[in-house]
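What follows is chain A paired twice: with chain B in the first complex and chain C in the second.
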Partner chain A sequence: MSTYRKYYRPFIGPFDPCSPIQWKSYETPPQLYLGFQPYNLPQNSPKEALRTGTLWPALFAPYPDPYKVSTSEEGEEQN
Partner chain B sequence: MTEKQPSKQNETTQAYYTLLEQIQALDFVLVELTLYLGTHPEDSQAIQQFNTTSLQSNQLKQQYQQLYGPLYQFGASPSGTPWNWKDAPWPWQV
Partner chain C sequence: MWVYEKKLQYPVRVSKCDPMMAKYLIEQYGGADGELAAALRYLNQRYTLPEKVIGLVNDIGTEELSHLEMIATMVYKLTKDATAEQMKEAGLGAHYASHDKALYFNDASGNPFSATYFTAKGDPIADLYEDIAAEEKARATYQWLINMTDDTDLIDSLTFLREREIIHSQRFREAVEIIKDDQSTKKVF
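After this line comes the complex of A and B, so read on.
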């Protein structure tokens, strides 16, 4: 239900000396949509929690490197 | 871990790292639970999990410290004789 990376087109001024940035993006991890964390969410094992960085898989977000996925060409969400 | 080391040393370093990883995993769970319990103080199940995990973590640390020396300072860890606090490997060398 939650998409991770969202994109928007920043304003490009007519007198901007530098080449304009066409797309900007930001991460939307699950906790933004969660509000107050419910009780007894399913948990990872300790080792899995250490690897994924969260005790609850519901809160996991991969945080991919946006620059590996070039934002210049395509604009739609990239997981 | 260069290959030249005799295999016995590989077993001990292997055991060293698995034990250290278990301690690290349990401590991470404790950090997560501490943050969770900050906003969910009445969640008795989480509190019970917190207490059992901290017990396990302390047992593992005791086991580690008997084998490999102190983890913490200022009295939080027993010291060997002679004073082995300064012995290698330091955390960043592990």
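After this line comes the complex of A and C, so read on.
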């Protein structure tokens, strides 16, 4: 299963004026990986579909705050 | 910085006196899908792309500058010996009135170059997909230009440039594959 957000460590210069962001992230949403959508994928209930914006869980990609997520994960990754 | 080599990436020979072709070729000089737009697009986007693909985008942006030189050479050769009357006949009267034989960044219809021809969205997928689309549009422009001339030497250079668009498109597609890949440090969330 592919992740819908990727992280990388940008180059950090010794003389950067602002305190560096250690990890940067970018979105890689599900449509990048699905190709031609297969038949008979699992479907959301009508209520879920209305709430999420898609009938297909395989195409559902939430967008959590990238700054929040990366800060909370920074510590774990740096060890 | 750049290191300059005082030669063209591929030879440009023009064997037919056809100033009107210069008017069409200028589309690839200062047009929406032209080499200037391509070079500026990539050289500007490279700062905020993931590290793994910056080098690629830098190299392609640089190559676009060498294509810009080739187009400029074609346009220059086609117009340098034209009289004012010939410029008018070639549909370049308005250009001549404003610029004489000087090259100017505009499209084939005379619209001046604009930064709105390209963008930098900051989202790597959006930016790389735009780059792929730009390469395909430039390839198409080369096809239509080739269709409009029977100068075999000019066609030879344009065919080379068209092929480079194909290669660049392939490389940008590979860049998408690279940044789609989960990287070695897995994050769980």
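Going forward, the second predicted complex is superposed on the first by the 70 of 79 C-alpha atoms of A that agree within 3 Å, B and C clash if a C-alpha of one lies under 4 Å from a C-alpha of the other, contacts with A are read in each partner's own complex, and residues count from 1 in each chain.
What we mean here is this: a contact is a pair of C-beta atoms (placed from the backbone, for glycine too) under 8 Å apart; a residue touches a chain by one contact, two chains touch by 3 or more.
In this text, all values refer to a predicted model and were calculated from it rather than measured experimentally.
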Partners on chain A (chain B, chain C) - clash or fit: fit
Touching partner for A:49 - first (chain B), second (chain C), both, neither: first
Touched partner set for A:20, first chain B, second chain C, both or neither: neither
Partner chain(s) touched by A:62 [first = chain B, second = chain C, both, neither]: neither
Touched partner set for A:39, first chain B, second chain C, both or neither: first
Partner chain(s) touched by A:28 [first = chain B, second = chain C, both, neither]: second
Touched partner set for A:11, first chain B, second chain C, both or neither: second
Comparing the two partners chain B and chain C, which touches a greater set of residues in chain A: C
Centroid geometry (CA): angle chain B/chain A/chain C, rounded to a multiple of 10 degrees: 100
Superposed arrangement (fit on chain A Cα atoms) - minimum chain B/chain C Cα distance in Å: 18
Overlap of chain C and chain B interfaces on chain A (superposed complexes): none
In the complex with chain A, residue positions of chain B that touch it: 21-22, 24-26, 28-29, 32-33, 36, 39-40, 43, 45, 53
Parts of chain A lying in touch with chain C, wherever the complex brings them together: 2-3, 5-11, 24, 26-29, 32-33, 64, 69, 73, 77
Complex contact set, residues of chain C against chain A: 50-52, 123-125, 176, 179-180, 182-183, 185, 187, 189
Parts of chain A lying in touch with chain B, wherever the complex brings them together: 36-37, 39-40, 46-47, 49-50, 54-56
